[in-house]
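Below is the structure I would like to discuss, written out as structure tokens.
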Amino acid sequence: MKLFKTAITALLALAVSIPTLAADTPNLDKINERGTLRVGMSTFVPWAMRDKQGELVGFEIDVAKRLAKDSGWEVEFVPTAWDGIIPSLLSKKFDVIIGGMSITEARAKSVLFSAPYSHSGVQLAANRELAKGYTEISDFNSRRVKIAARRGAFTVQVARETFPKAKVLQFDDDAQAFQEVINGNAHAVIASSPKPEHESIKNSETLFIPFSERLSKGNEAFAVRLGETDKAEFFNQWIQARTQDGWLQERYEYWFATLDWQDQIAQGQ
Amino acid sequence: MSVLNPQPHNKLVKSFKRLNGLDCVLLTLIVLCGAWLYYRSSIGINYDWRWSEAFGLIFTPPRDGGLPYFFQGLIATLRLSVWSLFLAITFGTLIGLARHSTITFFRTPALLFIQLVRNIPPLVFIFIFYFFISAQLIPLLGLEEILINYRGELNPVQRFLFGPAQLWENLASGVICVGLLSAAYIAEVVRAGLESIPKGQWEAADSLGLSRYSKFRYVIAPQVLTTITPPLAGQAISLVKDTSIVSLISIQEMTFVGTEIANSSGLIFEVWLIVGAVYFVLCFALSRGFKRLEKRSQRHLTIL
Amino acid sequence: MYIKIIKPVLSAVIQVSILAFAIGWVLDSGAQSMGYQWQWERVPDYIAFYEDGEWWPAELIEGLLVTIHISAISLIATLLIGLVTALLKNSNSVVGRCLASSYIELIRNTPLLVQIYLLYFVFGPVIGLDRFSTAVLALSLFQGAYTAEIFRSGLNSIDKGQFEAAQSLGLSNTFTYWDVILPQVLQRTLPPLTNEVISLIKNSSIVSVMAIFDLTTEARNIVSETAMPFEIWFSVAVIYLALTLSLSAIAVWLEHRLGAKWRTQ
């Protein structure tokens, strides 16, 4: 029995280590046949958003377009509400989720993650009036405090873990969560970096960043259905290649560190 | 100057010249409210209205030609409404007939369906639909091949009727969802219409020896149609409004498009006001159209 | 007399159980084809939990209480708004009629979801209300437009003779309405009004976009955190069904008490 097990493990290791010339790629073949990669994403400035012409632009869009181009596919985006994006993947509405989805244990039970391709953290932006003088984690960890977040996002989990006593208001969109805090109906909003930093620069009279350190360092990856290991392997290789040649880093900095892209979309004050 | 006597509307013109006490009170209230709102808006929110940018967003076409994104959403809403209405009327009529029938095998499932849909919130229905039915029904009906993997070229008629091929599955889910929702209410309308026909009509038709089909086609149906047209019109308008709820399950109609545009551009106020205005114009035009149709169809009932 | 009440209630109960069974069967077949793992044992955690020797309500029950709370308060506001609008529409004040008509047309021709987005995210900061009050306002403004029509048809169905008789008795405006007209209107409009209550409860689920912790919001939050949509949505649908069907049963009882003969006039 033990010999059998070792043999099988060795064979598997061998199979996995051989690059994509593996004979069995049923899922990739489906995409090849169709010729189009269908990508599920969600509007989330600046990961993915609509520009003035109504077309999709953003970090995730660039990544998806480059992935498709490098693999010889067309790309088709399927905008989906974030809290329904995993069920939509499972019902085969698209092939992969490229939306800055953080790797979490809970999600890994339903989807297969690729290797991480970006590392945003999670940060908090607070309302100047309501959260005046709050600088410590303990200030926000109180029953009276309301923290806004996007439903289904990793940030909800972070909020619950870091501020267990606070009330977490879950919205369908990040924009609504931020609007809530700007309107003064919640103490703070918790979202993926660097969105809170950007927003507090834009709305410097209403928002500020109380903490100097990010609350959590996340890893974001592509997500495919469980069992589609051929796809995950393929994507991993692509991610590795693009990390090595620095393209991913360059795109990340363009979209997150600079604000040059703002002319493409009409930004509200 | 009593509030007691109800006044018919066609005296509106004459009444304009005589504003009474209640008018003055109300006008003062309106002015006060307006002033208060204006005051609150200048201190409550510090927002620069950017209408020109918002209109620019709405009307700018994409780079490769075609309709502006907002109008794509509007047309999607129209398509969704029209196709759901077809489905709802067809399915609703069938269920209404089943509900009215004497065979329990037909009546009970129809009743169960109507009770279920009418008693749970539409939001709960569409989420249940999203998670279960849409994932099961579409492969079940064998539509998966056509809807998801269609790769042929579209001729203009197909494009006009159904929209771009990659959104077919989206449209189909939306149509089935909204159609089922409305079918339950239309079924009730049809049933009420059927039950409002006096029993004498059925009996007279039977005594004339008319076949079942002739009875329905020549005696019952015309009367039912006249009765159910007003509530059906109301239901059609409700359907157009219900299409906005399916934006929460990522059906790409006008509310979803509005959300994306508003979130991307940050012009939340302007975009939402425009979306509301468009829905208003749409539904208002529909309701006026229906009122005219009603007047014309009632002509045969007016006593000359 | 009891037969008249028991029969609809019993039929409702049977309907709910058959429905539950049918839904269960559909869900099961659906889940099987998707390879879904049932996690029914986790659902009771969300309904109630036992701590320190007492039962505490958990998320779903709390959500249900919020739903009932919002619906109840909105009901009072709705009735007020509906009544005032109906009276305005029937008055001989031009401004009043214009106001009532434009209000009704505006509300009835825009979707509730868009109204809530507008009211909460656009006008909210202007008016300065908190979340709960804005939700109540949005719901009652919406439902009020429909209730106004009910009141109006109720008012119009009152015989002109009643007004004249009251006048000939020397009753003032206020007392005419208070003692003579409104009680009759109430009796006639009660059945349609109970439908409005059920509509309110159904529409209250849309306020979940405003992150009010009602039953639908709690369900969506739990589903997005635990990925067990089937169990949660099934339970929530059953809870709503129970709520609305029991209200319908109460409506039947009320109609019986007040004499159904009013309705046919």
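As written, the chain order gives the labels A, B and C, with residue 1 at the start of each chain.
The working rule: a residue touches a chain if its C-beta (ideal position, glycine included) is under 8 Å from a C-beta of that chain, and two chains touch if they have at least 3 such contacts.
Worth saying up front: this structure is predicted, and the values here are computed from it rather than measured.
Looking at subunit A and subunit C, the chains that touch each of them are B. Comparing the CA-atom centres of all chains against that of subunit C, the greatest distance is found for A. Of all chain pairs, the one joined by the greatest number of contacting C-beta pairs is B-C. In terms of their C-alpha centroids, the spacing between subunit A and subunit C amounts to 38 Å. One finds 36 Å separating the Cα centroids of subunit A and subunit B.
Chain geometry summary: the mean Cα position of subunit B and that of subunit C are 20 Å apart. Touching two or more other chains at once are residues 34, 121, 125, 209, 220, 223, 229 of subunit C.
Residue numbers of subunit A whose C-beta contacts span two or more other chains: 87, 90-91, 172, 176, 179, 183.
Each of residues 45, 131, 135, 248, 268 in subunit B touches at least two other chains. Of all residues in subunit A, only 83, 86-87, 90-91, 106, 109-110, 148, 151-152, 156-157, 169-172, 176, 179-180, 183-185 touch subunit C in the complex they form. Against subunit A, in their complex, subunit B makes its touches with residues 45-48, 50, 53-54, 56-57, 60-63, 68-70, 72, 130-131, 134-135, 148-149, 151, 166, 169, 248-250, 252, 256, 259-268. Every residue of subunit C that touches subunit B in the complex is listed here, in rising order: 15, 18-19, 22-23, 26-27, 29-30, 33-34, 87, 90-97, 99, 105-106, 108-115, 117-118, 121-122, 125-128, 155-156, 163, 167, 173, 176, 198, 201-206, 208-209, 216, 219-220, 223, 229-230, 233-234, 236-237, 240-241, 244-245, 248. Those residues of subunit B that touch subunit C in the complex are listed here as 2-7, 9, 12, 15-16, 19-20, 22-23, 26-27, 30, 37, 40-41, 44-45, 108, 111-112, 115-116, 119-124, 127-128, 131-133, 135-136, 237, 241-245, 247-248, 255, 268-269, 272-273, 275-276, 279-280, 282-284, 287. Interface residues of subunit A, counted against subunit B in their complex, comprise 34-35, 43, 45, 49-55, 76, 78-81, 84, 87-88, 90-93, 172-176, 179, 183, 205, 265-269.
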